[in-house]
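There are two complexes below, and they share chain A, which is joined by chain B in the first and by chain C in the second.
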Partner chain A sequence: MKLPGTPYKDVDLKEGRIPYVEDKPDAKYRFSAGIAMSRFLEELKNGRIMGLKCLNCGRIYVPPRTFCSYCFKPTSEWVQVKDTGIVNTAVVSYIAADRGRMDKPLVVAVIELDGASPGMGILHKLGNVDPEDVKNGKIFGKRVRAVWRPEEERTGSITDILYFEPMEGD
Partner chain B sequence: MARMNINFKNRVAVIGAGLTLFRRRMYETTRELAWEAAKQALDNAGLTLRDIDAVVLGTAPDAFDGIHMQGEHMTDAAGGYMKPYTRVFVGGGTGVFAAIAGWWHVASGLFDRVLVVAEEKMSTVRPHPQYVFHHIFDPIMDKPLGVNLIWIFALEMARYMYKYNIKKEDIALVSVKNKRNALDHPAAQVAAKITVEDVLNSEVLVWPVQRLDISPVSDGAAAIVLTNEEYAKQYTDTPVWIEGVGWSLDTTYWTNRDLAFPKYLYYAGKMAYKMAGIDNPRKEIDVAEVYDPFDYKELHHMEGLQLARKGEAPILTREGVTERDGDLPINPSGGLLGVGNPIAAAGLMKVAEIFWQLRKEAGKRQVAKDPVTGLAQAWGDLMQIGTVVIMRV
Partner chain C sequence: MPSDVYIIGVGSTRFSPSTPELSFKELMFEAAVKAYNDAGIDARRDLDAIVSASEDYWEGISIFDEYIPDQLGGVLKPVFTVSGDGLWGVIHAYMLIKTGAFNIVAVEAHSKASDIVDINSIWRMAFDPYVIRPLIDNPHVLAGLEMNIFMENLDVDRDAISLVVSKNRANALNNPIAPYGSDVDPDMVSESRVVSYPLRELDISSYSDGAVVAVLAGETAARDLGIDAPKVKGVGWVSGSSYIEEWDYASPEFVWRAAQMAYSQAGIDDPYDSIDVAFIDDRYSFRELQSIYALGLNDGYSLNELMYNGVIYPDGDLPVNPFGGYLGCGYPLLAGGLLKLYNAMMYLRSAGPDTVESALVMARMEYPSPSAAVVILGW
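== the complex of A and B ==
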């Protein structure tokens, strides 16, 4: 069975064998942070991680959202969760967002924060972790704590936390 | 879970399917590719566009094609000129979801004959589609950390490996199997005879994900023709019935999910099984095309679909159960890992493969057992939707 379609190679483009036009959209976006995340970002400046609690089922959401996915009721109570937690999963990245190789591998993880409901993890970087301990599984289930940017340098961003690092004695 | 309403008016049959080649770069535009696949499917079914009452198009993020509202751009190319025409989009789940949407068009009694087309062109975006994927993430929580798409897969794969003590060697077997199966597929882009060592020695992108754990970037299109029972019997002696459909979405907050078990798919599967009257999927499904953009995802999805117990899919794979001559052949087409991954088209290619398998028209790819019931599945949005169709002869 012969199927339709005409493949070409990148070199065909470079050497002018494939007619084409180019376009470079220059769209920029400004996301209003919204009711739940505005408070979350403001509190990061104070070194606090905030969640929102559903008073119907008791779930504490991190990142916070204004309604409960299960009950579909407002989550009306702010709760400060800890800046410590457990590594749910971790990986070693050798590539950047554009697929280019990174100079130095980066360890990233999903961290379940203490004080949030079970399974409410957040994405962040891990520091002071040997990539080998990711590959051999040792980092899984380990306790970690946030390393914050100095207060005067915080901007109200998730990057106000520089990374999470393993806690001593764990 | 609320009780599903599974009442519908018409039984729905697949009566034809068509594909283009799947390749890294195609000269044809998105419109030209869609037309080629649609034409193939109509020819295969023995219909012309005049016979078609409505058209469903599936295509994934506009950012790949660089044309915003790609659905409208494709209208006539998909056969939708001056007809009731609908684009559906659930990311990677789109290809199978397009078949589901086509199904409800006919099952509802609103239309008798529907053309379903899925198309993707990923080669347009420069320098690499990876960068577009960066923009599917939450701009507040995830993007400032420099997230790339492979992170989320790697984090899920690592959690799955950790929870069930699964070795990379066993996961790599999926890539080996699917790339080998694809050697017999006429559309295949990355069919190859490779070994587990080749996978383990390939470039590490985000450990544990390596180059050969992943499906490629692709261009391509696929199409199927659906009709009600009356027309199906008029057009063909060998209709393949869609007996169950299901879909379900998990939260967009992916770091809040159970990363070791795809719950979204468990619910989607339950819905489809109930509709098809299937109590024991492992025994009653004869052949399945499960979504395999990554090798671990085939295993993950087998478990979500209850085709294997939790943590058992790698064992079934190692024992050869999922080979074409096994008891439960998985991805006899070669899947996304072997045939390629033009996103929406790849999902519909899976529906087409089950159509051919159940008709015993899969040629060298035909599974050894005598298949009566097959399943096709895809996965997508922010890794949170399961889309399932169950087909029977």
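== the complex of A and C ==
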């Protein structure tokens, strides 16, 4: 079907036949980590995953927060949780940040950590996982363990954990 | 008949030039806990909805409204964001209650200005990209354009404007949440460094971090809680043209129209006679006098006389920004209007209904938006 209007191509934009003004943001931020996230990030350097417990309802939040989302009380008790857990959900992503297609897909999962309340956990990458296991659902409920960056290379970042991988025998 | 709407609780953090010890969520939580405690409500049980005021560029997080619920007690409740100043949020909450479908609604706004590495780079993104951005990159240029013609057209003295700074910085000394209270001599203002003539450094409110939450309720909910609270007598909000070349820089009509909307709802014919105290825009010193004029609050006085005769000082006929305004509390970005509302509530409560019948709260959406909101509170 022939559509009305004047067709144009990329080259028309590049050669200035269609007027436009180019600009880009220069926005920079330094996000204060605050009480909960500061300790969480600092403890990652020590190979520890910390949560905060609500003494009202008993939920253990990981990553930690100073308030309980469900009973709106302050959380006040620090709890170390394990670096193991089960896969709640996972995805095989082929899309890179620039929207290009990645040859080797990234497997990302939500992991419910041992010691945190059910349903509480962190989002991280999965390594040493066959993408087919994500596609066919075998990954759900699989036990995984954190693979840490060498201690001297840790910076107090979520990337101090390189990825989670399936535990042997599971 | 729609219910009257009351402000049944307010909570605020202390405002500060920077807050590296707290995340934005922790700052919001502190204000929310204080406000809900002030209102005597259980957020999880009693809140019907939450309105937050924020804009993604100020936060550094896209789709920021998704980051609102947890720290305000709003998980699995109706929550939405107004992309503008918190006073617009108050008006949205007021309208929600007026529908009859909501009884208790909280409004939140905050500033984490200190988390922004170069704040002018954010202001710059607010300007029109075609014909303004290539020319100017900071809002103080526009403030200078306003101030110059305002002083000329309305015959306002430099000394009168400098006195606004002295007054508000001194007023902030009596406000426990204000960080910029000080004894500033008017000459210090007039001789401070020129930023964009005639605007000088001390004419500009410094930034501040902080969070404010207000709790609004309909008549039944307020009565059930047993709270004798000020009610919202009228609201108004108006936007002018976004073409900054077309503004009336001396006397902003959008402020006047927003006020007329609020006065009409509140049944106010003579604003000077009816309004006992005003908490109005002073992002820049001259704006306080400019706003008084646009709000019709100068009565028979010239703008110079308002200062020289002490009319708008705390013990004058019409105290204006008696707890320090932005000049004394800092300019907390989109939390500005709610901060003014918080100060108004403190004033109303301490003065009591026998002394103060009506308080006017006014905020502007900052450059390049020509928008104003007015809320009139009273007993």
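Simple rule for what comes next: the second predicted complex is superposed on the first by the 153 of 170 C-alpha atoms of A that agree within 3 Å, B and C clash if a C-alpha of one lies under 4 Å from a C-alpha of the other, contacts with A are read in each partner's own complex, and residues count from 1 in each chain.
Keep this in mind: a residue touches a chain if its C-beta (ideal position, glycine included) is under 8 Å from a C-beta of that chain, and two chains touch if they have at least 3 such contacts.
It should be emphasised that the depicted structure is a prediction, and the values quoted were computed from it without experimental measurement.
Novice: For A:K14, using the defined touch cut-off, is the partner it touches chain B, chain C, both, or neither? Pick first, second, both or neither.
Specialist: neither
Novice: By the touch definition at the top of the document, which applies to A:R99: first (chain B), second (chain C), both, or neither?
Specialist: So A:R99 only meets chain B here.
Novice: In this superposed model, does chain C or chain B come into contact with more residues of chain A?
Specialist: Of chain B and chain C, more residues of chain A lie in contact with B.
Novice: Should A:M37 be classified as contacting the first partner (chain B), the second (chain C), both, or neither?
Specialist: After superposing on A, A:M37 lies in contact with both chain B and chain C.
Novice: Have a look at where A:S69 lands relative to chain B and chain C in the superposition and call it first, second, both or neither.
Specialist: The answer is both, since A:S69 touches chain B and chain C.
Novice: Classify the contacts of A:K28 with the two partner chains as first (chain B alone), second (chain C alone), both, or neither.
Specialist: Only chain C is touched by A:K28; chain B is not.
Novice: Pick one for A:M120: touches chain B only (first), chain C only (second), both, or neither.
Specialist: After superposition on chain A, A:M120 lies in contact with chain B alone.
Novice: In the overlay, answer first, second, both or neither for which of chain B and chain C A:K135 touches.
Specialist: first
Novice: Which positions of chain A sit in both the chain B and the chain C interface?
Specialist: Of chain A, residues 23, 25, 29, 31, 33, 37, 65, 69 contact chain B in one complex and chain C in the other.
Novice: Quick check: in the complex, which residue numbers of chain A touch chain C?
Specialist: Interface residues on chain A, with respect to chain C: 21, 23, 25-37, 65-67, 69-72, 74.
Novice: Per the contact definition, I'd like the list of chain B residues that touch chain A in the complex.
Specialist: Chain B residues touching chain A: 19-21, 23-28, 33, 36-37, 40, 66, 127-128, 130-131, 134, 138-142, 144-148, 150-151, 154-156, 158-159, 161-162, 186-187, 204-209, 219-220, 251, 253, 255-259, 363.
Novice: Over in the complex, which chain C residues touch chain A? Could you list them?
Specialist: 19-26, 29, 33, 36, 42-44, 57, 60, 69-71, 73, 75, 112, 114-118, 121-122, 124-125, 129-130, 133-134
Novice: Which residues of chain A touch chain B once you look at their complex with the stated criterion?
Specialist: So the residues of chain A in touch with chain B come to 1-10, 18, 23, 25, 29, 31, 33, 37, 41, 61, 63, 65, 69, 88-99, 108-110, 119-125, 131, 134-135, 137, 140, 157-159.
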